[in-house]
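Heads up, the next two complexes both have chain A, just with different partners, chain B and then chain C.
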Partner chain A sequence: MQTILRLATRILFISYLSTTYCQSEMVPIKGGTYTPLYGRDSLQVTISDFQMDVYPVTNKAFLEFVKKYPKWQRSQVKKIFADGNYLIGWTSDTELGKKQSVNAPITSISWFAASNYCECQGKRLPTIDEWEYVAMANKTMPDARQLEDYNKYILGWYEKPKTFNNEVGYTFKNYWGVYDLHGLVWEWTLDFNSVLVSGESRKDVDNDSNLFCGSAAIGATDLMNYAAFMRYATRGSLKAKYAMKNLGFRCVKDIIEEQ
Partner chain B sequence: MKCEGKKTYNHSGSCPVCKMDLKPVQKSTKELSNNEISEESIFNLTTKWNTEEGETIQLEDLKGKTLVIVMIYTTCKAACPRLVADMRNIEAKIPKENLKNLQFVLVSIDPETDTPQRLKAFAKENFMDGEQWTFLQGTTSSVREFANVLAVKYKQISPMDFSHSNIISVFNSGGELMHQQEGLGVDNKETIQTILDLTSK
Partner chain C sequence: MANKKTKLIKSLVVLTTLSLLFSGCIDSEKKEYADAADIPVSREMVAELTSPPNVPTPVGRRKAKKLIVNMEILEQEGTMTDGTTYNYWTFGGSVPGSFIRTRVGDEVEFTLSNHPDNKLPHNIDLHAVTGPGGGATSSFVAPGHEKMFSFKTLNPGLYVYHCATAPVGMHIANGMYGLILVEPEGGLPQVDKEYYIMQGDFYTKGENGEPGLQAFDMQKAVDEDADYVVFNGSVGSLTGDNAITASVGETVRLYVGNGGPNLVSSFHVIGEIFDKVHVEGGSTINENVQTTLVPAGGAAIAEFRVDVPGTFILVDHSIFRAFNKGALGMLKVEGEENKKIYSGIVQEGIYHPEGGGIQEMPEGDVVKVEVSTANKSLEEKMISGKQIYMQTCFACHQAEGQGIPNAFPPLAKSDYLNADVNRAIGIVLKGKTGEITVNGQKYNSVMTRQAISNQEIADVLTYVYNSWGNNKTNVTTAQVDAVKNGH
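Up next, the complex of A and B:
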């Protein structure tokens, strides 16, 4: 298994060198089984091995992307793929805003733009389960969710304004070698639209979600996990063309084992 | 001049209610010639889909007809049979002469199971094998993208089951979303009216 993994990593590294420019550095994530806040029927979710970008995609990288793919420039983007807030802080189609750092995470992008960015690099957005799996790590442990400071740190960040102006790498490097999952920006996920809080977050369900607004939390596996609940709730409220100032993204890639 | 909601004023100045400056009304959509599609059109999606007849199409190939679209999967035991019934109930209320300008589209959210053959069999079983019915099989990513355009939510909850929003969407012949009906077995009066308006032109 180890050898296969090493081989696969090497193959990926070679393909990494040969494909397009400005690809972010990636690290391998060893898959496993965990219980997310919202699970499937069985509660446990199994994650396969994959690679994840070490940092969120930066302003600089996204700028290169829109230069290469003009259809994602602010004046060119189709309304069906992005709302009016798309790249709203930029000075022009190919210029960042005066106060925007090249190394800050890109925000104000829609799911369609983020998804296409990853695709153009032979990658994809992480699934919610993959994202949450990596994000439950602190500096030293793959699953730090039971630790009080872990949750305090995240909730502390939720209270801080404008952290999206900070540069990537601003927060800590976690157990997997991934930076900034908490403390910089919220991130798009591939299947953000699968968040069906209380089975269904729209009104066509037969339970009593209309009766009390916090009822969604009843479906959670650990009611103490408020920080994660905030993330699921936010994802559930998004539409794919929304562009938000504090919402960025990063990409992942499957590890294709040698046949 | 415009400020509060849909209220307009024929002079500049400030709104008597909120005191904010009035802004000139902008024409929301410019007139498009017949062959152009608007920025809001689903025909901007360029992914390829398989039909139940084994053809490969892009959504744009459906241009020119009013589209009534729903997302389903054929192994569904709970909501989908009702959604399918809702689609048939809508069809039943549309006069024959309007049907020729109408296409009912059922998009599978389970592209692995719902092969064109399976969709064809499903169409026959459910008496939806006529010209006005189209079933589409995409890929995992094209289905996700399409659901995002419709604001349909879905999640695989076991290998055989998906949880999903029950939404029937009506698009005009240019692929622009005109109406969405949410829920199961709901009153489809508005949906029917939208379809009649669009297909009677």
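Up next, the complex of A and C:
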């Protein structure tokens, strides 16, 4: 009886989510244990179950958001929360740029704005570990990091200019049913600056034992590491008020077990 | 009287003191600083930055200044070779990046701007910097942002700069390197021409010459299996119309760098000897050098006087890179011939290793005894022609007659070749200099006169005409004779 009740609540809850105004569709991610790029077996990370947005937040959704919360409009936003590049492509406070598609991912937003967007929907930004955990899946496998094709695809994207103009859903749907983790835009994470790739990325090899302990970095010649290094380097170059043309976000939500 | 004398002495003393003071002033103007860090800077100046092969105006005798360098990072598509493009990551829009020219004691205020359309963060490590990461620590910058830091130039020399963001190798392999020159007090000695040449190795998904936009190939980079080894970022950046130039009698100074990421360069100019080389870009000067080694992430300054006219080929003397991967440039020298230094061909004859007992047949009206060879079948000519081709023509025109883009024209399916057999014979006989158009592409190089017999010319041309889609002309010795005698 209790199980049925629980199920019913969940179904109700999910249907509530999907009908709510400008809430993006979410999929459940089954948690697990994995070894991040920077880890050894002893440094495995355990991820709890959570839900993740299927697509990055779109221009359209963010437009609705700033209409509802004017403090995040370009002319209103506090300087400490967003730098001069914030929503730089927009024609006005509530109007996208001429070349911007409503279904393209929102970019040129600061971490503060992204974070608050998620918060206003009862969600949050994913942690680096959560993001990396979901993003290590290809179409069919939860962890495809050892596959050459998978890594070549990612590296190939890093070299393609101006992919931020493409619409969400442009790339592949992965094992979890999540789109666009690779191939569209970079994405903000909750703790983007907790793993520091300092300005001097070679020094990290010696010093940041947490990230590049010993051979993990010195032996980092395989494609998987190179692809991931680029993401960590990008995150390391950011400050929370920065807005970047190639950087968007998506939200996640914890799955709270009912007592 | 005694009073007068004292006065005189007094005034002399005053004079001497004054002059001492005065010369003291002059001394302080020319004061040599034991520590370059103590050299004071006066005024600001915005640095002139140039794209290769140009270099900024020499520093000369100017005082140390606050030198403002503004450099922009651009990730952009460019041409690797005809039909092949590549996504270059650049400092200042060129590979190698803009040339920076400073002098010892300058305080360089460096602003690195990362274009908003770029995808990746970057930074800069200048080997001329004394400080952590060569500046990389302070210049790590996200797209759409800029970072400023400053450094004092302490050591004179020619230094490499490059991006040092993870993965470092990939940033360098995509073209993120350049040179910064720190001139000594009073500047480098004057020369007539200065050029900026920097070698780099590139790794592409497709093999050398494969058309279309080529992606970077990490595995090949790790294996150090380069598809392109080039000067100034692409095949042909220093050949044909892009060749560097000088006039007879001028002194030429080459600022040679090597960005790598992997390969060491054996830098050589065919037909010249470097009068002076600043070994590894430093203060040691070596003289009379044929080939100088430029390490990856290193540099050299090579100086020489050009004495005779002609086209001098710049190569990485690890020679397959030059003729097969693109590491080839040209220095065109114009002016008067100097037969004392270089004669050109003086005499041509037949060589008989068995001795002088056999007389050379006088050319001209005497009946040829070569009848039997002139009657060679096409098949025989093809066999002999191929041998001659591989010995004489292969290096420039390549195994399949494909030539080398921007340097040596193709023979395969060549409209120029097929249009006029007598012209082709003439070129083999007498050589060819100057611009020609082959299959729509312009070439401006030198083919030397070939010292081979008329029979050999007939054979090799027959081989060429009957290979690689050409018009199957069967060239006879008689035709070669006619061209030879007709001119």
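Operating definition for what follows: the second predicted complex is superposed on the first by the 208 of 259 C-alpha atoms of A that agree within 3 Å, B and C clash if a C-alpha of one lies under 4 Å from a C-alpha of the other, contacts with A are read in each partner's own complex, and residues count from 1 in each chain.
Here is the rule we use: contacts are C-beta pairs under 8 Å (C-beta built on N, C-alpha and C of every residue); 3 or more make two chains touch, one makes a residue touch a chain.
What you see is a predicted model; the values in this text were computed from it and never measured.
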### Query
Of the two partner chains, chain B (first) and chain C (second), which one does A:81 touch, if any: first, second, both, or neither?
first
### Query
If you stack the two complexes on chain A, which partner ends up touching A:112: first (chain B), second (chain C), both, or neither?
first
#### Entry: First, second, both or neither for A:158, with chain B first and chain C second
second
### Task
Could you say whether A:233 touches chain B, chain C, both of them, or neither, answering first, second, both or neither?
second
### Query
Who touches more of chain A, chain B or chain C?
C
### Query
What part of chain A is shared between its chain B contacts and its chain C contacts?
199-204, 236
### Message
Going by the contact rule set out above, which residues of chain A touch chain B in the complex?
### Response
40-42, 78-81, 111-112, 115, 124, 190-191, 193-196, 199-204, 236, 239-241
### Query
Residues of chain C touching chain A in their complex?
75-77, 87, 116-121, 123, 132-133, 136-145, 164-168, 170, 215-216, 218-219, 222
### Query
Which bits of chain A are touching chain C when the two form their complex?
83, 85, 88, 155-156, 158-162, 186, 197-204, 220-221, 223, 225-226, 229-230, 232-234, 236-238, 242-246
### Task
Over in the complex, which chain B residues touch chain A? Could you list them?
38-42, 44, 141, 144-145, 147-149, 151-158, 163-166, 182-184
